[in-house]
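Both complexes shown next keep subunit A, but they swap its partner, so subunit B is in the first and subunit C is in the second.
Let's look at the complex of A and B:
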C-alpha cells in the first residue's frame, strides 16, 4: 500500500535519501529535456519552441494517470498524499506574479537550479533574485497575511470542483493534452518556417496518442468504485453485519471488563469533548465522529491487536455509536463494537436493573444479579475513577505531511 | 568535434520519464516534487543565523523556530541537492557544461542580467503566494488533480501569455 513512508512501510529516516534520489532523476531529466536553456523555455510563450508544454503536460499526465490507476486499484491511499490546499486569491495572485517572472527571467525555480549547475550565469542570477523575492515576502508577511491565509477552500480535487467523475476528468485532460500537442507542433512549424521535408521525416505520434486515449477511455467503462483504500468493506458486507447483532457488547461484559481493567478492551467515547470532560466511563478515550477518520487515529484503528481485543464505541445512546461503527467498518477498521444502550442504557441496567429475586431460578441469574450489584457499587464508590484519557499511541510513525507555514511542496 | 553538445532528449520521452519520477515521489513519500521550497529553506536558515533578532520578530519565521532542527536539512533541500547533481551529470554527459549568459538576440548581457534577477525575484515572491512554483504547485498539483495546483498552473501560464507581448524584445 502506497504511499510507503506515510504508511510506515519504509523507515522515515530514509526519507531524505529518497529525496536525494528523486532529485537526481528530476534534475537529470530536466537537463536532458533542454530545460537548462532560458531561450528554449521562453519559446513556449512566443511559439518558436513548445518543449515546455510537451514535457510538462506529458509528465503531469503520466503521473496523473498513474495515480488514478493506483488509486482505482486501491493500491495508494490518496488521503495520505499531499493535496495542494486552495487559497483562491493567494493562488491567483501568486500565479500571476510567477507568470510575469517567467517572461522576465526565462526560468522557473526548478529549471534555474538545473541551468545554474551547467553554468548558465543568467540562471544563477535568477536564483539570487528568487531568494530576494522570498525574503521580501517574509519581510512584509504581516501586511499580506490576510490575503495569504484567506479565502481558504480546503484541499479539493478539480473533478469535485467541476462536478465530474475522476475518470472523466482524467480522460478529458489527456484528450486536451493530445490536441494541444498537435496544435502547438503546427504553430511551431509555422513560426520557425520548418522545411516540409523535416516535418515529413519526423516520427508520427498518432499511434501512441490514439492507444493512450483508448486505454484511458477504458477506465470510463469500468465501474467506478472510488476505493480510497484496499481494506474497505463493501456496503453489502456492512449491511449484513448490521443485521447481525455481533457488534453489540452487552452491559455485563462491559462492566466486567472495566472492573478488571482489561487492556484489550478499549472504550471509545464518541460524544464531544465537553460532555466527555463531565463524565466518561473509566479508561475511555475521546474520539468524536468528526475525528474518527482522521490521520491521527488511523493506525490505532487499523491495528487489530490481539484476537479478542475490542474497541467499543459508546455515546449517550446507541444510535451515534452505530454511526461510528458503520463508518469505521466501511473504512476497514477492525475489531470495532458498540456498547449496548450507550451510557444511558448502561446506567439503567446497573441502577434500575434487576432486584435479587427471592428465589433465584438458577446460578447464572444469581451470578448476574450479584455482579451487577458489584458493578453498581463500583460506580457509586468511585473505586474506579474516570481516568484521564490516554491518547492511543500510534503504532507506526506518521509523517507530518504538511510542512511549516503551510507552504506548498515546491 | 568530440565536444559538440548532444541533442536534447525527445520531449515526450523526457516528459514520460519525468512523470515516472513524479509518480515515484508520490508512491514513496506521498508528496510531489518541488524547487522553490529549497530556496526558501536556504534563505530562512541564512536569516535565522545572520539576524536572529530580525527573524524572531516576524511571524513568517515562527514555524521555523517552532520546528525542531535546521530547515536546511529539510526534504526539499535534499531534493534540490539531487537536482544539482542530476543536472550536472546530465550536462557533463551531453557536453553542455560551460559558463554562458543566455539571452535573446536583441538584448545586451547586462540587460539580461537585470531581467534575470527581476524575474527570479518575482518568481520567488509569487511562489510564496502560490504555495509552490511550476514544480510544486503546477506540476505536482496537476498530477494529484488538486484544484489549488491547477488554478496556480493556469494563472502562471495565463499571466505569461498576457505579458509575453510586452516583453517580446527580450526573447525574439
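Let's look at the complex of A and C:
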C-alpha cells in the first residue's frame, strides 16, 4: 500500500504540497515541545534538560517500530522507502560540524527556523550563519566534492552490519531507549536538585513501558514480512491462468506486430545481457527475471497501458518466459504475455515454414502460410530495423499482404 | 494520580488495538509460503535441472532417491510414464493432497510434463507455496525423455533443455548490423553447433 507516492497512489505533483503540510506539522510539534528555546536544546549537553533526547529518541523508535509493524502487515513496501545513502567521511565530518554548531548556537537547523518564526533574534542570526555556510559550501564545492561524494558505502543497514535480524535490532533499540529515558531522568533530577515530592507526583510509566516491551517482544516472534501482499494473485488464480491459451502470443501475431512497429506491443527479452547483446528481436527491451520485480521497471509493469497493449516475454524457449510470466502475474502486473515457443519456436515457424495446405478451401491456413513467407522475406532482408527503416513497411492488413514472388513456402 | 490513570488506560487501549490487528492479520489467509522476491532469487541461484544422464542412471537402477511427478493428465499417464512416477495432473498441482504427498516423500521430487515450461512453472508455484527447494525439473518433455533416455540413452542429448539457442539467429534476422556472411544453402536452417546437439536440428 504505502509508500503512497512511489506506489502511484498519490500524484507526484502534490509532493511539494505534502511537504508543506508535513513541514508545518513538524514545526508545530517542535515549537510545542519547547524546541524554539536554545536553553532547552543546549540542556542536553549540560545535563539539566533531556527533552531533546526524549523527543528525538521517541520519534526514532516510533518510526522504527511503526515501519517494522507495517512491513509485517504488508502495508508498506520497504524496498520503496528512500534511505539516505552513506558517504562515510562526509557523514562523520557533517555530524561534527552539526554538533559544534548546535552547542555554539544552541539550535539545530530545523529548530532555528522554528525559533526564528516565533521571533527569537539569536535564531535569526543563527540562520544568517547557516546561509553563509551554505554559500561557502556551494562556492567551494569543487574543493569539497571528492570528500562529499567519496567513500560511498551504499545503503548499509546497521542491523545487517551487526549481523542481527531487523526485529532483534528494533527490540534492542527500544530497550536502550527505555533505559536511556530512565537514566537521563535521573541525571536531570540530580543536576536540577528536584525536590522529592515532585518526583513522587509524576505519573508512573511502568505499565506503558512494560506494554511497549511486551509488544516489541511479540514482534520478535512475528515474521519480518508477510509472504504475500493484497495486490498479489493467489496461486490458484495463477495456475488457472497458466492453463489458458490466450496468454500466449503466437508467432504470426508477433511477426506482424514487429513488422508494423506496433507501439503497444513490447517485447521483453528475459535472457541475460550478454545474450541480449548478441541478438534480440527488433525493438525488444532486456529485463531479466531478477530485475523483474525491481524498482526500475515498477512503473513500466504497473502501468497496464492501453486495453489491448501487450508486454510479451521471450527467451530461447518458453520456460524462462513462463517463469517471468508467473512472477509478473503473481505480482499483479497486467497485460503480460508469452511468445509462443520463444526465439527457437519463432524461428522454427518463420524459417522452416509450413507447407501450403492441399485443401484449396482452407483459406485461413493459406493466408497464414503466405504471411509467414512475407515475414520471413522481410526479416531476411533486414526490413524490420528498429531505427529508421530504409524502406518504410507499408501498413496493410494481414489479408492484403501479397504472395512474395519466387521462393518461400508457396 | 488522575493523569496516571489516563496514561495507563490510553496505553492499554492502544496496545489492545495493535494486538487485535496482529491477531486478525495472522488469521487472514496467507496464500504463499515465500515472498515473490524470494522465489525469484531461488530460481536465479541454483541449478535445478534434472538431466537425462541422471534419468538413465535411475532407470539402470543405480539411484533410487527420486520421486518422479508426472504433470500430464491421467490418460497420457496411463499410456506410459517413467517407472515409479506419480501422476499429479497440472491443474491439481496445488490441491492439498498433492502438496502433502510432495512434502512428505523423503525423496527428491522431479517434475516432468508434456512441455518443459509446465514443469518450470509448477516448480515455481510449489516453491512459492513454501515447499522444499530440492524440487527438480526434468529437461525437455516426457516424449523427449522417452526418445533420448528411456528407449535408448543418447549422451549427446543428456543436457537437453528448452532454454538453449538452437539457431544462429543473426543469420536469419538482420537487426542492428548485417549478420556475418556465411555460406549456407538458403531455406535450410542449420542448428547451432553445440556439443550436446548433433546436426539434426535439435528441436
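The rule we apply is simple: the second predicted complex is superposed on the first by the 241 of 410 C-alpha atoms of A that agree within 3 Å, B and C clash if a C-alpha of one lies under 4 Å from a C-alpha of the other, contacts with A are read in each partner's own complex, and residues count from 1 in each chain.
As a working rule, a residue touches a chain if its C-beta (ideal position, glycine included) is under 8 Å from a C-beta of that chain, and two chains touch if they have at least 3 such contacts.
Model, not experiment: these values are computed from the prediction.
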| item | value |
| --- | --- |
| Which superposed partner A:351 touches (first subunit B, second subunit C, both, neither) | second |
| First (subunit B), second (subunit C), both or neither touched by A:114 | first |
| First, second, both or neither for A:235, with subunit B first and subunit C second | second |
| Which partner reaches more residues of subunit A (counting touched residues only), subunit B or subunit C | B |
| Which superposed partner A:94 touches (first subunit B, second subunit C, both, neither) | first |
| Contacts of A:66 with subunit B and subunit C, given as first, second, both or neither | first |
| Partner chain(s) touched by A:282 [first = subunit B, second = subunit C, both, neither] | second |
| First (subunit B), second (subunit C), both or neither touched by A:323 | second |
| Residues of subunit A at both interfaces, subunit B in one complex, subunit C in the other | 205, 407 |
| Complex interface listing, subunit B residues touching subunit A | 8-9, 11-12, 14-40, 42-44, 47, 58-61, 63-64, 66-67, 71, 73-76, 78-91, 94, 96-104, 112-113, 115-164, 167-168, 170-172 |
| Partner subunit C, residues of subunit A touching it in the complex | 69, 72-73, 203-205, 207-208, 211-212, 214-215, 218, 222, 225-228, 232, 234-236, 238-240, 242-243, 275, 278-282, 289-290, 292-293, 315-323, 326-327, 330-331, 342-344, 347-348, 350-352, 379-382, 384-386, 407 |
| Residue ranges of subunit C touching subunit A (in the complex, touch as defined) | 1, 3-4, 7-8, 11-12, 15, 18-19, 21-22, 25, 30-37, 39-41, 43-44, 90-91, 93-94, 115-118, 120-121, 124-125, 128-130, 161-167, 169-170, 172-176, 178, 186-187, 189, 203 |
